[in-house]
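What follows is chain A paired twice: with chain B in the first complex and chain C in the second.
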Partner chain A sequence: MIFERLADSLRTAQPAALVTRLDGPQTGAKLLVHVDTAWGDLGTSGLTHAATQEARALLAAGQTAIRTFGEDGEPVGMDVRVFIQAFVPKPNMYIFGAIDFSRAMARMGKYLGYTVSVIDARPIFATKARLPDADNVIVAWPDDFLASAPVDERTVLIILTHDVKFDIPLLHVALRTTAGYIGAMGSRRTHANRIEALRRSGRSDAEIARISGPIGLDIGARTPEETAVSIAGEIIALRENRRGGRLIDGTLPVHNARLADAML
Partner chain B sequence: MMEILETIERWRGEGQRIAIATVVGVEKSAPRDPGAALAVNERGDVAGSVSGGCVESAVYEEAQDAIVSGRARLVTYGISDADAISVGLTCGGTIHVFVERLDW
Partner chain C sequence: MIFERLADSLRTAQPAALVTRLDGPQTGAKLLVHVDTAWGDLGTSGLTHAATQEARALLAAGQTAIRTFGEDGEPVGMDVRVFIQAFVPKPNMYIFGAIDFSRAMARMGKYLGYTVSVIDARPIFATKARLPDADNVIVAWPDDFLASAPVDERTVLIILTHDVKFDIPLLHVALRTTAGYIGAMGSRRTHANRIEALRRSGRSDAEIARISGPIGLDIGARTPEETAVSIAGEIIALRENRRGGRLIDGTLPVHNARLADAML
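Up next, the complex of A and B:
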């Protein structure tokens, strides 16, 4: 059964794409595509093959979309629409520094659908008991950890150590990654000092501009929980290329247009 | 789908017939992205959502019908649709929802 195989894939965090035929007598026919295997049949072997290839391309990009083919899978055909839904593992949130803010941030990260890891070099502070919501609590030097951790465009790095001893080596490693968000906690003065240190060691202004510091949106957050909300807002706003003000003050549509727009 | 997987599996374990409604396309401003899903069982229980709540009851009816008839269908809701007055999206967008019985 396709559904059971899909459920197994999701449980084991294996990337999978579910393809549904939207037109013709075989409407609803299913195909489940993994990186190296596929199950199911969309009606013709040509269509099944073409949709499998397309599903793997979308899976690699983590995208969900509608594609149109000929009845036998011809790429220029317009007979059959298929819906390709990519299921990719949750993105990673790495929180550096096991402090009060980390506990609130870990909880917020879980709430937003991240796999959350908290990293701190001090075994006394980096404990599961202090960070109950984190998926992983790791005792390691932050820069050592990040140098070998998986990072992609969906990865979020939150640096709460605010100690130059940890921050600067970590920011050097962070700027070499493709992480979608790099936030560093600290006052304006702390951040100015960081920028100075990074510049002295050869980092360009464009690289330094990737760092969100002081971290978060300007909502006047006071508690660790409110700060987590402020950081979460900034993470989403940057991903969506938004400024993060009040909707009441704006004129843009409330939701950004999506890739699948106008495909039907 | 990810969020309602456990619920669907539990219903299957109870021998319930199930329909799934999935957002396959959105136009302009829509509250949920493609892939958002709602599931209904023959007892009438619901899990998940396909919008901010504006078309859920209409989708629920389609899903109930799909459970009985087994007929899969693509349904459109939005300002361009004749049903817009009764079940349109308050946000002004259009969504395309594929409704099917879970027999795969």
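Up next, the complex of A and C:
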């Protein structure tokens, strides 16, 4: 039953995690977790619930891992290990504009596990030689490309075209997608001009608020690599509903504490 | 005279930037910039001053670049290009603890231009095979190693030992250095315990405040790579005296706007 559902998930490219219990009498018990539903039972309802939550967190990151819980799912417990196998297609990062900076951004995208495509209408700039880390280098008009490209909630759009002529049509298309991140590079003034142009052509403030501009976290990035760190940080923070800032300044638990523990 | 001083800088491994004017009647005029002093003249005092500031910013990042100014150093001007050649040894990143996460952190360190060394007392873990991106993998006690390692303001210390037995002696040594970044991984509780132990052995609050713990920016990092982004962002933000929130939430100019413009 669970394997049939898993086969369905794989056939329809739906993200799914298969959880297998590794300890105790119910060793081998299985759970199939989707973003919005789950099937199966790991032995106790607490463990099933905790493992479901953890599996969804790993689905969001596209990661497979072993996690350890108490018998009833206690997060600090060490009784039961579960193996959480994520079946998730890699998310897409589309970088619009084959400028010098695109190379550093493409490398960062690969580091974070994205399938990276760079799109530029100019064949001289959009070359694999200039962008060795990109999976795809595509010569196309950015808005035309995006209008027919696969986009879902995990898709990241990074707009480096930096020219109202190109980026306004592109932003119009971007706002019609469900992309999880829409970032546009430029100064505050450039972005204010963009907002004005989008408003004039009927985009609402709520739509415009989906655009991260100026792009990135406020870390004072100076180099292309540092700018890519700033953008990567914002992509992750938005996905996790965080505002950035230093952990030392906050009081919430460190989100990755369990991960860090698991790695030690 | 300037070349002699440059030779001195190179011989003593002191960071230095050689600035050359590329436009106008004083084309070829030169300026040698150290962190705390400068020699030479680019034509106007405003231009000399602006180029000196910019050269120091590039020294901090270890970067060489062309910058454009007005004739009297106006930042938005386009009259004069200057070539700023930084002569800076790569900064050191020391990662203490060869845990699984160290691999992702080492790769991030290389991406940002550090010479990366991973130090661990356990020969089974401290191997080049487990840490392919590290420049050096060193089997040594962390505190012994750091007591004799070269450290300056650009040096980054990342402490992953995650065990009071190792990390308290190491933090004592770290606080005696001038390292620009001292980060220690662990939960808020782990870090509270560390602070307590350091206080008991006489460290002041001002000293303890140099330690970034919990380490990193609050982006909800889930994977080793995302955690490395969070730490990299904090390293840059601290160097630049930024707090790491989203640029979209701020009102200050985007620090890298000139860089971004130069790249387009």
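Quick note on the criterion: the second predicted complex is superposed on the first by the 172 of 264 C-alpha atoms of A that agree within 3 Å, B and C clash if a C-alpha of one lies under 4 Å from a C-alpha of the other, contacts with A are read in each partner's own complex, and residues count from 1 in each chain.
Heads up, the rule we're going with is that a contact is a pair of C-beta atoms (placed from the backbone, for glycine too) under 8 Å apart; a residue touches a chain by one contact, two chains touch by 3 or more.
All of these numbers come straight from a predicted model, not from anything done at the bench.
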Contacts of A:G250 with chain B and chain C, given as first, second, both or neither: second
First (chain B), second (chain C), both or neither touched by A:A192: neither
Touch count on chain A, higher of chain B and chain C: C
Touching partner for A:A7 - first (chain B), second (chain C), both, neither: first
Chain B versus chain C as contact partner of A:R222, first or second or both or neither: second
Which of chain B and chain C A:K30 touches, first, second, both or neither: first
First, second, both or neither for A:Q85, with chain B first and chain C second: first
Chain B/chain C common contact set on chain A: 253-255, 257, 260-261, 263-264
Touching residues (chain side chain C, partner chain A) in the complex: 57-58, 60-61, 63, 99-101, 107-108, 111-113, 162, 185-188, 212-227, 229-230, 232-234, 236-237, 239-257, 259-261, 263-264
Residue ranges of chain A touching chain B (in the complex, touch as defined): 1-3, 7, 10, 18, 20, 22, 27-28, 30, 40, 64-66, 83, 85, 87, 253-255, 257-258, 260-264
Partner chain A, residues of chain B touching it in the complex: 1-2, 5, 8-9, 12, 22, 24-31, 33-35, 72-74, 76, 91, 93, 96, 98, 100, 102, 104
